[in-house]
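Several structures are given next for inspection.
Two complexes, one shared chain (subunit A), two partners (subunit B, subunit C).
Take a look at the complex of A and B:
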């Protein structure tokens, strides 16, 4: 198992370096001069040149690349032009907000998706199967930015017409306040729930057709026990893997939902930095997102290798 | 004898696809999802193609006098503007119709490119293996095995672990938005799904006896791929290309919503939503209509793709 994990770790590093190479090329080819953007519009040419030198922008391409990679590995993700601060602390500041949203959204995806999937698999072709498929295909087709605004409007109308005051109006963020978290998490969860419904249904159907299920039924086991103790235990594996991967994906920034609900996470930071053309910050979010995904992949691989005795690469 | 075996192989291929054709139709026409999906796709395609016929307004022309109220707000539905105007006094129906053009153009072109890349990488990875090439190194002949299969699939894995939306935002924001760039970026990040699926199926086909037979009589790998493997992949590709259009359109709408999609003033459903958010409370029409358009389009392609997937699934033919 150890060589397998070392290989996976090495592979994760290769992906990271690949992304670093691409992001570096991006900063290298952009038309805007970083030194001029830092110095401001009124800076004299000598000042700009001095900043260029201090940033190492006058060095050869490969040397710049090596410096960049070394910096990133030391946790230096660059310097935001617009906010005049290092990128990594900016990202880490936003991380708790994104993490809350990611966990809550994922919980809702799973809470909607898994029961529906199990229900659909056990009643294949029946009312619940068709119903769940129909509802989830509609949910997955609705763009999350639109759903988010519709939900906000429902809350607003409820407040205006009936004086209901449970949820905050217009989004916003308060640390660890479930009322603020509810709508963004619901919006995030709706889209993914459809996916989990399908995945759960497919893996469950796979398991229900296997011999051990037939054996369990043949020896007179109750259907409930067959379902929960036998089939589900085997079917849940791929779903848990997907949960791990999605968590990594979300932790890197939940771009659209954060934007809709003014949720001050990493995704919102990325979108805001488009407007200010803050290239190091945009690229920092991409790098950070990759790091989250690669870490999650690795974690899932380890968990998988430990829990599933069939996996021995 | 050598001539006989490939002919036999092709005959089997052909008979399989012929029977599946009629079964396919039978399963499809009985599935309501197929009808709803294809009618939806047809309606949206017609709306996009016939946009200049349906409406006589230029989608980018701002009617400063008729299209705005005295206070400068958008007007609601009138005879002149069937769906009202937007915040600049532009006819909303025209913008929705031309927005369909944008969505379908990006959706179809980007997805064609993504599918082409995905199918090529997936199938080549399954069939290339590790070809050996001969090189001269320090005057001596050496054989070098290039692990094409693992290289291509590791590349796919790598792109799969990109934060695709952030990456696309970064690319478009840095390189300035344009229709072409949006298409290339979307195709560049969304080809991985189909590559993995095609690879998964092609690896199974690779081990089948008719492929072994074809190899045994000396058919070249490239010919095996095109003549013997591709026919078995067509159904898979059709299904995922259809579903792919849905995800591509969703991706484009998201980029446009964030302001890094198709550049203004071109109409796109995503930027119509973000553009008119300020009027959401007073005039929900401006946000609800483009959102509905996105949803109906994506839903239609999803339903059509699901129906096709069902119909191609041999387990469905029994009943």
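Take a look at the complex of A and C:
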């Protein structure tokens, strides 16, 4: 177990360092002079040169890289050109918004996807199965920016035509206000729900065809008990793994949904940083996203290893 | 004053510059109109060569499409650039904010009681159809018709968004607005070239209304109640004609060879490309394949482009007649902290405006008072509070809040407004005030502002409707505007200021009136309802061959003044 953990940790680090290198190269690819961006449009060439020196931009590439890696390891992600603040506090400030959306979106995915999947598996080929498959195809095919704008339009029309005033129009954000959270979470949940439905159906069907289920039924166990106590328990494993992976992915920033609903999370920050060519912030958001995904992967692997006795190292 | 008009007026710092509509309704006394001495010169801009070259084609690109070409309902940035090519109003502005006659042959005369305005129109001005043929000569009857048309509640598909806000001071306008009459009794044709407009109460700002595109003269037989039809085939008296328009793609304007002003128009053709991404448009201007960037320089390219020496003579910018500010709820219920003057004054000292301006790439000037540069009455010496974080914290403690308090900042979702709100949040945190940020879509946000005491702190901006200082007091800082549905985000009401503002509005134009407005501004700032933050610059870029282009304080882009530089 311990060697396995060390190996996994090692690979996680390799991924992080790789991403760090690639993002660092961005500073050289993007046609924006960091010193000029920080100094502003009205600064004199002398000021710009002074900033360039103070940032160490006049030093050799490898030296700059080493400084950068050392800074990141010390939690210094650099200084945003556009917002004129350190990157890490900016990321941490945006994190609660993204965390709310991630958790709520995941909850909706699971709340819609799992029951549909179970229903489809237990009534294979019947109305529920076909219905669930159809819903799945629609949900999977509908891109989240489209679903998002559609939901916004529905709310807008409801307000214009019928005076319904429950949800805020056009998105926005208020900390821990469910009215603002509802539509973005629903949009995020819709796409994922379809995936969970399919996954749940497949793993459930897999389990329902196993010998122990036949034995349980032969013993005269009630179908409900067969389903919930035996089949579901075994089928839920892959689903839980997926939940863990999704959580890591979402926490890194939900780019499209946050953009559509002007949700001030990490994803929106990433888009804004790209629009404004704010290189330190671009690197910061990418690294943060990577860190979330790597951590989630690691966590899920460990959890899996601990809970599933079939896994050998 | 209806809310849609105001909604568009209270724009954000992102400055979707619109010809926003709102007007104060304070009663006014007689005021003599300014007399315009300059020739009816839309073309009288500062940097023109003695003889302006004629001919050629220029192109512009905008991200958004046109909403309307009909001046009665046109209400957006892209539209105003086009409508001012095709139509003329009785008055206009010189290269600054001075009113000058356009279709009027001289500045209108005002009766002694200030209620009757007589407009003498030029003769020899023709309506010209899109094929270049003359429809007929414009007469006073057309101005009478055009003004009544704006008031018409039956315009289809929608009535004019500014009818009640701008024109309800005309005698009899209520009957037209209410559908009881077709024409307002206060709009009278005296003879073929003279119109008299009677007002319910004297109001100097009505001259500014006569310069808006809503007062543009349209031909009766073509501009019917169906604005959608007139949008498709607009005909006016302006220097250019709409040759073709493909929705979502482009509109082509060609020279009106029968235009009444000698020497105009300068160009053969003007092509408006719409639906063009601003980054793509910028690249085209840099490459010289596009002449004018319709939108501002995109944020990501701003510093690179504006500091590149090779583009130095192609970057055009000017400070807009707008103020972005943090409003504080001066009458916060339950004895809230912001209801205390000392607390608001401490906050005035605690906001680092230079830092906020940096988020805007430094494109603008720090605001120290209410009126922006270019607004008559602008007072650069008005600077009652200076930034001092330590003093702000101490003053807040002295005001009874040594450990600060918790509050909320509201702003809209348009970038960079949330980032600016975050900068304000940091400054407040340094004073010990914990502020939560709520971002809302612009329409919802305005709803919040207009709901009494819903938002303790608001980051928002105000762009002029017309260049008169009353426009920065009456609609946003008067007692009348501190009501549900009003645009007074600070819920500020000072009866003394109200009385003085009503008197100033009634005064004759001139230095005394402006001095009175400056005194009012100082009195308001002493009450600290706002932290004025900055006046934003509009930055754009043209190709090397474009001449006569400037950012106009009222029109933003005045394309009819543009020509191609000799030798390019």
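A few points about this structure:
Just so we're on the same page, the second predicted complex is superposed on the first by the 313 of 313 C-alpha atoms of A that agree within 3 Å, B and C clash if a C-alpha of one lies under 4 Å from a C-alpha of the other, contacts with A are read in each partner's own complex, and residues count from 1 in each chain.
Methods note: contacts are C-beta pairs under 8 Å (C-beta built on N, C-alpha and C of every residue); 3 or more make two chains touch, one makes a residue touch a chain.
All of these numbers come straight from a predicted model, not from anything done at the bench.
The superposed arrangement places subunit B and subunit C in clashing positions on subunit A. When the two complexes are overlaid on their common chain A, residue A:212 makes contact with neither subunit B nor subunit C.
Of the two partner chains placed around the shared chain by superposition, subunit B is the only one that A:14 touches, whereas subunit C remains out of contact. In the superposition on chain A, contact of A:277 is made with both subunit B and subunit C. In the superposition on chain A, no contact is made by A:61 with either subunit B or subunit C.
Once chain A of one complex is fitted onto chain A of the other, the partner contacts of A:83 are limited to subunit C, with no touch recorded for subunit B.
By the touch criterion defined above, A:228 lies against neither subunit B nor subunit C after alignment on the C-alpha atoms of chain A. Taking subunit B and subunit C in turn and counting the residues of subunit A each one touches, the greater count comes from B.
Within the superposed three-chain model, A:297 lies in touch with subunit B and out of touch with subunit C [touch as defined at top].
By the touch criterion stated above, A:173 is placed in contact with subunit C alone, subunit B being left untouched.
The single stretch of subunit C with clashing C-alpha atoms against subunit B, selected from 62-70, 152-160 or 368-376, is 62-70.
Shared interface residues of subunit A (contacting subunit B in one complex, subunit C in the other): 274-275, 277.
For subunit A in complex with subunit B, the residues that touch the partner chain are 11, 14-15, 18-19, 23, 26-27, 30, 133, 137-138, 140-143, 145-146, 149-150, 153, 156, 249, 252-253, 255-256, 259, 267, 270-271, 274-275, 277, 279, 282-283, 285-286, 289-290, 292-294, 297.
Remark: subunit A residues 31-33, 36-37, 40-42, 82-85, 93, 168-175, 262, 264, 272, 274-277 touch subunit C in the complex.
Interface residues of subunit C facing subunit A in the complex, by the touch rule stated above, are 298-304, 306-307, 355, 358-359, 361-363, 413, 415-416, 418-419, 422-423, 426, 436-445. Interface residues of subunit B, counted against subunit A in their complex, comprise 154, 157-158, 161-163, 165-167, 169-171, 173-175, 246, 250, 253-254, 257-260, 270, 273-274, 277, 280-281, 284, 287-288, 291, 294-295, 298-299, 302-303, 306.
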